[in-house]
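Both complexes below contain chain A, partnered by chain B and then by chain C.
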Partner chain A sequence: MSVLTIAMNTFRESIRNRVMINILLFAVGLILLSIVLGEWSLGEQIKVIKDFGLSAMSIFGLLIAIFIGIRLMVQELEQRTIYLIASKPIRRWEIVLGKYSGLALTLIVNVILMAVTLLVVNLIIEGRIDLGLLPAVFLIYIEILLIVAFALFFSSLMSPQLSALATLILYMLGHLTNFLYEYIRVFPDKGFHWLLKGIYYIVPNLEKLNLKMAVVDHVPQPPHVVAWATAYGLCYIVIVLILTAAVFNKKDLK
Partner chain B sequence: MNETVQKYIIRILFVVLILTLCVIVYHTQTVLDQDREVQFVNRSPIFLPNAKILSALSMGHASSLADMFWIRSVLYFGRRVMDDENIYFLYELYDGDSEKIAAVADHHHHFHSHGENYTEHSHGHQDDVHHQLSTEYLQVLDSLRASAPQPPDTIPFLDHATVQRLFEFKSRGLMNDVFPLMDRLIRLNPYFQIPYLFSVYVMMETGEIDWAIRVLKRGFEYNRNNWKFPFYLGYIYWVYKGDIDTTYDYLLQAVNIPDCKPFVGELLIGFSGQMNRHNVTELYLRGLMDSAENDQVKDRISKLLSQIHSEDQELENRQDEP
Partner chain C sequence: MAVPAVKIDHLTKIYSADLGKKPMCAVDDLNLEVEQGEVFAFLGPNGAGKTTTIKTMMRLLFPTRGFVEIFGIPNLSVKAMRSVGFLPEQPQIYGYLTGREFLDFTARLFRLDRSTRKKRIDDCLEQVGLIKRADGLIRGYSRGMMQRLGLAQALINDPELLVLDEPMSNLDPVGRKEFRDLILELKDKGKTLFFSSHILSDAEMIADRVGIVNQGRLVNTGKLRDLIEAQIRSIEITFIMTPDKTAKLGFEQANIVQQDEHMLVRLENDADVQRTIGDIMRLDGRIVSVVPQKRTLEDIFMTELGG
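Up next is the complex of A and B:
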């Protein structure tokens, strides 16, 4: 019950956040702008709209995750409201889970709004709604959830600026690990091979949650790819949340 | 003066200030736009990291980046084609020669100050420069054309006039500018089909036939469900290489792909030796015209078909004469 209460409070708080509303407006604007970009693409307007729409969802989702995820915990500490919550008979992990659930709820509203905008644009231009985009949209949401979990983890350890930087670096690394894997495969005899392999397995491989190209270009995918990717993302999220709760447990909030 | 009046005056002054600033912004932008008119596309060569680095930098948005490159390629191609025919492109040929550049700038100035009423006959000196520029420009083009590979001696089914038309290679050299972008984008998103076909159309125009084959083979490797890849491979092996066996193999692969146009099947029959060369050529071109989505392409093929018809008619008339 306490997790649900904290989640609903977090949701109400973040949905009113002006930064988030501005980012959301930018995302919707970019999706609409893709109509113009598509006009210049010599008959590939629909593809351009879908590509840019999905990219806009992913990039702006990331920005929302970073800004809201980090600000939320810092704000609680700065305004000392966290002390008030901590003084109640609530366990620390419940606070973390409640905050995270609230953020997840906020993010799902954002993703739905962006997806609806994209699908409406798709309907207007193509004359039909391409439901084939939905697996990619769903995995974008899982990716954002993973990023927000890391943002929460970093913000419980470092200053807001450093947390934002660390989250951004993690996002970049997450999309580069495929190249690391390729490097290990091509040069298996290098001395620091074990280190690279370690990095490859520790940093989340965000490319596993990337189906954007596949859904837009109708590239056949192996069966259950979405289910496997979801399981991969969710397991990572649980690990990061457990670590965040452990760090938060050690914090002196008295 | 009471406070309310003062407030109104300040507001009016603000409005006037904003309007003045808007006028200044508009004016400065117009001046800057005029300066930009004399910039050239081919003055800025394309320097791009390789596709792997670009893919890493795209952070999971390789498809959108490929779209950006595609839009850039389309704009670049269109602009460059326009440049072939305008004075700025000629100006580019004189990079470093201040006298000729000044003359061209003078020409440009007169053209703009007289607008559409400006005629070349009214400016003797500039006309000479323009004529001289055009002559040298044509020489450059001729030398580019001279390096074009010669068509094979015999191409089954194609008559001499069609071969001559196909091997004009008017835009030779153009692909060098477009290719870096195209290469990056087909590697960034190998499932993006139109850039392969666009590259191949350009390469067929410019004579880079071996490149065209490589691009088509790569495209077909990733897009096995698009009949156009084997179809164009067959077309190139037939027209430019004169290799009927390979053409037959590719056409056979094309007809086995769902959505393949019926004319490809008819062509296949033609290639198996049951039709004469005129019928095959006509069938091929008509099929191309029907499947083309671009009106300009349709128009070009239609003109080619009418030309072939009129030449056939002439030949028949001559044969009928006693």
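Up next is the complex of A and C:
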């Protein structure tokens, strides 16, 4: 009940936030513009548009996640609005879960708007809607959920600037873990492999959540691939949220 | 005997050493009990540790040592907070909501049902005099309105205990008067009030008991009346008389203060007062006022702090 109250308020805050609306409109505009982009690339037009559209969703989802995830939390702490919440009969973890749920709701609205735009563009160009894109869209959403969980975690520990940087680095490393693995396998240990291995095991493998290439090339995706990737993402989310709640639970709200 | 509304037991709070700062002991082994139905003023200069104590009571901060109980329940349990209303120092409230939306949000955190929420929101807005601006965005509120909204949200659950940190600080004189009336009204309903202030006159008219804190330590508590009446009172007589006649009263020159035609003398016992008034009348002087000077909290404060 308290979780729901916090979640709905967080949702309301983000949809009344002009900067987030602007990022979203920009993303939607860019996906629409990809019609022009497709014009230049001759025969590959439709593939380029789908690839571009999905990438835009992923990148802008990341931006929105970093922007609102970190901002909402940090604002709450720095402007001390949190005093009026944390002093109510509510547990600290309920605040964390409420914030997160509100963000998840905001992000799903964002993703749906971007996806609908992409499908409309797709309809205009191809004359049909390619529902095969949806598994990729779904996993992009899971990826964004994972990123925003990390963003909340970082911002409960450090300054907003550092949190944004840490989230960005996590995003990049998350897409590079396969390379990391190859590197460790192929090159001899110069004494820092323990660090690379540590990163490899801690950082989520975001490529598991990346179906962009596959759906654009119409490689059929058996349902269990999506199911496993989802379970993988959700496990990470749960762990990161528990850690965030644990930090927040002991935190002095100075 | 009923459990105290607030029990603060050997509370110590040391702020940990953040970047470049030394550890700071803001509250030092503080013990305090506030009875149910009492209006308690927690007084001290800026930096004394009032806010830190209050934030620890409201479990925004965790004690380094010691504990706090609210109506006998440890304050870290969620249950303890159901019957408490809290107004932080200089409250900050979401600018993107309207006053009414914010009150609804806080009412939901207390799990009030829809009809209770509606009634409480209107009542509280009325009580703090904000009903006209309730549907405007908080972003556009003045500091005084913010303070009123902060008070409204503290009242939303009809709390048994109200904890207010510097509640008068952003109010204009009219607001202060209204606030005092509100406090007395709540006291009549049997509520317990705990408020802090660095302005002593805030407490003088409304508090049953005060606690004085300095450098994190509680230096004195007591009934306001006892703290004041324990002191030797002096009495100030103001009168109009020529200087040469005044000299005949037989006071040292230094004890007489002259302001234009007014003369002022401060006496410490009743017999002197009676005699002096008689003398002035006999010398055709005119008595302007005879005012007993109680020792004010200000004085107490200065002696406590000055040692």
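Assume the second predicted complex is superposed on the first by the 240 of 254 C-alpha atoms of A that agree within 3 Å, B and C clash if a C-alpha of one lies under 4 Å from a C-alpha of the other, contacts with A are read in each partner's own complex, and residues count from 1 in each chain.
As a working rule, a contact is a pair of C-beta atoms (placed from the backbone, for glycine too) under 8 Å apart; a residue touches a chain by one contact, two chains touch by 3 or more.
This one's a predicted model, so the numbers in the text were calculated from it and none came from an experiment.
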item: Clash or fit (per the criteria above) of chain B with chain C on chain A; value: fit
item: Partner chain in contact with A:Val216 - chain B first, chain C second, else both or neither; value: first
item: Partner chain(s) touched by A:Glu13 [first = chain B, second = chain C, both, neither]; value: second
item: Partner chain in contact with A:Phe192 - chain B first, chain C second, else both or neither; value: neither
item: Touching partner for A:Ile59 - first (chain B), second (chain C), both, neither; value: first
item: Touched partner set for A:Tyr83, first chain B, second chain C, both or neither; value: second
item: Chain C versus chain B - closest C-alpha approach in the superposed model, Å; value: 29
item: Chain A residues contacted in one complex by chain B, in the other by chain C; value: none
item: Touching residues on chain A, where the partner in the complex is chain B; value: 37, 40-44, 47-48, 51-52, 54-55, 58-59, 171-172, 175-176, 179, 206-207, 210, 212-213, 216-219
item: In the complex with chain A, residue positions of chain C that touch it; value: 15, 55, 58-62, 78-79, 81-82, 84, 86, 88, 91-94, 96-97, 105-106, 108-111, 150, 153
item: Residue numbers on chain A that touch chain C, as the complex places them; value: 1-2, 5, 9, 12-13, 16-17, 79-91, 250, 252-254
item: List of chain B residues in touch with chain A within their complex; value: 52, 56, 59-64, 66-67, 70-71, 74-75, 189, 191-192, 194, 198, 293-294
